[in-house]
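These notes are about the structure you will find just below.
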């Protein structure tokens, strides 16, 4: 167990009650606005003193109210990336980056710094002032600053929420590299499913101050019982696939879901492992193998579960090779096709319906258990 | 309206109020520093009678033709006193002063600007002590501040008007400077040219009456011999 | 009342009157100057700024003397004002108010200027698109929003006006009932033997009044700030 | 012509050069960040004085530099809804609402006010202070405030950009009612296609200070040549359909595109006219009528144009009944299916892929020409 | 130099020295008090606030007299300081500095307090998560960010200190070369008939110095503000 969080705190309008352990890697905190995500993160950072609780990171207790232990923030060695960056406006980018290092007793330039500057693409910014930077650049500096203090744990509270689409897309690859190249566990708050799908190893879903469910990202995102918490249109399965070919016509071919998956060209090298989020709403089902249809991806599946919702829709959980796919169809279609668990059918997915943002580098399950 | 040096306040009010009661005239005072009063008169202040603690300023006003001819009289005089904290032994005016002073300060009013300071300096010069004392003088913006310095024990000696010593129990007069050791200390009074009031002339007269003199003497002032 | 002599009461009342009018009349000018300094760039801005601060820097006696030279009855400005408006400053309580107002002016301008600089011009733009002319924008948006600063500045100016002495006594002398304010009275007491006790009493009174004004201003400013925060 | 805008302005880093006429109704200004949308709107409001130009609303000139006419903002009678609301914090909601009325010489309560308060759902808020309101409530008040001054023209600069999803969804219907129930022309800045698709009659696309193209919403959004400006994933056709049935299983049936369109239940009454945006990426093509497939909507179409992109994809423009549909498929599929202009084929659309936000009340073309 | 007599030069130099030290030493205390007032809630806060403002409100002579009562050599605080640190205020230029510092203190505190209130506590939080203890947060984040306010306050205090007269002469009197500052010299000239010209010369000098300081402060503060804005 890398992070263990047990909190109880009473606000005038909300009772916070959270208890979960997260393995190494990226743990995403997900939940509606006001569900208490920031409060949890602040408690971990020491910026909020909860009524009761115990927080430990990699075995070191930061807070243990029963033992009277409440480390102040500056002794916790935790990196915190805030939504608004919070760069120090009077310092240059480089001085911002080194701020935490200095207090951690790490003086002067270092290999770690050079590496991070390169990884986050900050080389050209070092002498600039924060006021000059774009939102995306600011967040990269904030991430670098938090990491350079060599924290035990990195907290990120909606680090991308203030950025627009292109800026988000610019940062996400850096976060993936962060996850894959550093050993620091990350607690990541977001309510953008696509970010969580790309980054998180574990997801904890919060609702009105309480922990609703926590578990591996794939399971949580494809859990029809959480569809309402996550959002009907955002629910969908994560497929893991290996790049097997880049075709001349601009398509990349992945081996995934027990078949082939064609996507608009991905930048990754052959053999690389990717995770692809397939929104349930984009999956069409067919009893017979469709022919003469424009959709390129037709996966051979077996229905494993059908979960009708309150409205006109239903989730159909499918086994495709070793992976699971989630499809959202109308109840009418479930009846028309006579779908039932155990039946085999075909999942039809348009190549162009998979957004660029939904394809990301995967941290192999084996790799992540190594960290733990 | 009477414009008068602030140090005359108690005595003048006593005399003036009696006069006002007896004659039924309304009397207003304005007490401030002589220089301020003189400048104000110059600027057209509604003063009928002015009494300054400073001949130079009265001369100045005279030069500007702001005073009624022949109205100027030297109303009061004063004496300079060497003071020390209550209980201090009397002192002869001589080198003993320097001894008593030690490395303390001699509290005086501004020696170039405020009359009490100017007179004090002259007196010390006459006594031949100025050269030695000059560097130890602490100058204040008025006599009362010099008195306060002695009263609070900040300065072992001070030179103030005789009239200031009486009401302060924390100081005591150690010696009185002979009146010939310094230019005569005079409080000139005069009617302004703007004054049309008979009453003002009457008051000026009254201020020179024996009853008034008695009050002034009681407050420590002297009456110029002329 | 036993505690204060009638004359002292007069001084207290006069001080209040002088400080009241000084602040009241200085206020619009202070707001205008503060706005000018906060929102406009113009030639001589730094000069104006310096001029406004002058009374804070000069020894009050000098200020009083300059006032006497400018607004005395024999002085050009004073004579002109008297002829044209029948307005006499010299040796009237109006003059005391002028002196007090001028001495408090820099404090008022500073506080108000900071408040104006904190107002978002975007709100003023919004008001103009809703049909408000510049003057109306100022009255309906800017002014309410700077109210905390205006209150703070006003009461600070008031407190200063209550305590002003050097310039006042030099300019308008020390005439009981006309220009003898509390501080002048304190001064007069300090000038005569045995006056310390009376002076102390008056000091206590003036401190109490000024402190009340100051605390009041903080409270009012805080309340106005809360209101202005939109909650 | 309701609004006519001709502007030339030189910024250090951008030359603004815009000339277009917009009919009554909602005219959307669309373009990347920094393309000069706000500048145009500010020039119309009078907050920016352009170097040269002529602006007139319903025949009244607000600006005519050649004639030396530059009305100051407060004389233009224009309502401006800013991105950040800009409510007056020291006034109550009601006082905010009445602020503009007062200057327009309209004192006291009025029918218009009551109507608008009801229409925007502000009844319960009237005595609240702006600081207490949620972001969505603030924007509704800002809209009401702008409208109550009885402006000649309403300007809205990304009025929803600062709001999160649910809050956006809360306001959109109010904007639709605004468009349909008031006669005020609206100039609406946004870079959210779904908003534009729901609201706009006319769209003007801007690029680096220049007008790229202006025209009716349906044409612009479905114009493959603008796909890059609009965004590949956002391009798509607008279908107009009439509600013909609400089915028991939670689906609503529309007559659209020369066939039936099944959508998750819409709140509109039978017979109402709706506009539905069908993203090109959600449309699948088939040569033969697919059977045994979960997608409910299969429209009979004719290929009218094929426009291959630079990447692996291509846009296929289809005629479906009286409407047009745009599909985005891979070039590989175009070849595999042998698609060519004139060929007939089937467009397959999943009911659940049409987002709630993409279905809105339509302002009939007839109605809008009435306004003009 | 023809323009000023050696004695006047001495006064100018002394004034500068007094104002310099007064401001320098008052500054840390002013920052501490301003921080306390801006960031903390405590019992007696309003009392402290009032106390800080007192010198602004009281007639300077009273302040001087109170100083004399407190820091005179016979007074408890004065005696204690002398015994413990050998620190003597009475009749020394140090006393003039004390008086000047106290008179400028409220102006400094006000300016700095406003600057502190404008600092976003979130930046301070961010610094603490990066390992900075409270004191370090203050030194590395808060202090640089309030620099414009500190500069403005400092120079305002300096200008006030240059002009202070009433409290100084009452407290430490007027000893040429030791406590005779520029304003005391001006006062002395004004006391004698015909001294106006000499006084005017000194007034011009003190105005020039104070204005230079003031303009300098505005420029420095603007530059610091620009720096702090992160551009």
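We just call them A, B, C, D and E in the order they show up, numbering each chain from 1.
Heads up, the rule we're going with is that a residue touches a chain if its C-beta (ideal position, glycine included) is under 8 Å from a C-beta of that chain, and two chains touch if they have at least 3 such contacts.
Please read these numbers as outputs of a predicted model, since none were measured by experiment.
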{"item": "Both-way neighbours, i.e. chains that touch chain E and touch chain D", "value": "A, C"}
{"item": "Chain at maximum distance from chain D, centres defined as averaged CA atoms", "value": "B"}
{"item": "Longest centre-to-centre distance from chain A, chain (CA-based)", "value": "B"}
{"item": "Separation of chain A from chain C, taking each centre as the mean of its C-alpha atoms, in whole Å", "value": "61"}
{"item": "Averaged-CA centre spacing for the pair chain E and chain C, given as whole angstrom", "value": "22"}
{"item": "Distance from chain D to chain A - Cα centre to Cα centre, in angstrom", "value": "32"}
{"item": "Geometric centre distance via CA averages, chain B-chain A, whole Å", "value": "90"}
{"item": "Where chain B touches two or more other chains, by residue", "value": "none"}
{"item": "Multi-chain contact residues (two or more partners), chain E", "value": "65, 187, 190"}
{"item": "Inter-chain touch pairs (all)", "value": "A-D, A-E, B-C, B-E, C-D, C-E"}
{"item": "Contact set on chain E toward chain A in their complex", "value": "122-123, 125-133, 136-137, 140-141, 144-145, 147, 227-231"}
{"item": "Of chain C, residues touching chain E in the complex", "value": "46, 49-50, 53-54, 56-62, 65, 107, 114, 156, 159-160, 162-166, 183, 186-187, 190, 199, 203, 206-207, 210-211, 214-215, 218"}
{"item": "Chain C - residues contacting chain B, complex", "value": "64-65, 68-69, 72-75, 90-91, 169-170, 172-180, 184, 187-188, 190-195"}
{"item": "Of all residues in chain D, those that touch chain A in their complex", "value": "33, 164, 233, 247, 249-251, 262, 264-265, 281-282, 284-288, 290-296, 311-313, 327-334, 336-337, 348, 350-353, 355"}
{"item": "Residues of chain D defined as touching chain C within the complex", "value": "45-47, 72-80, 82, 84, 86-90, 99-100, 103-104, 129-132, 145-146, 149"}
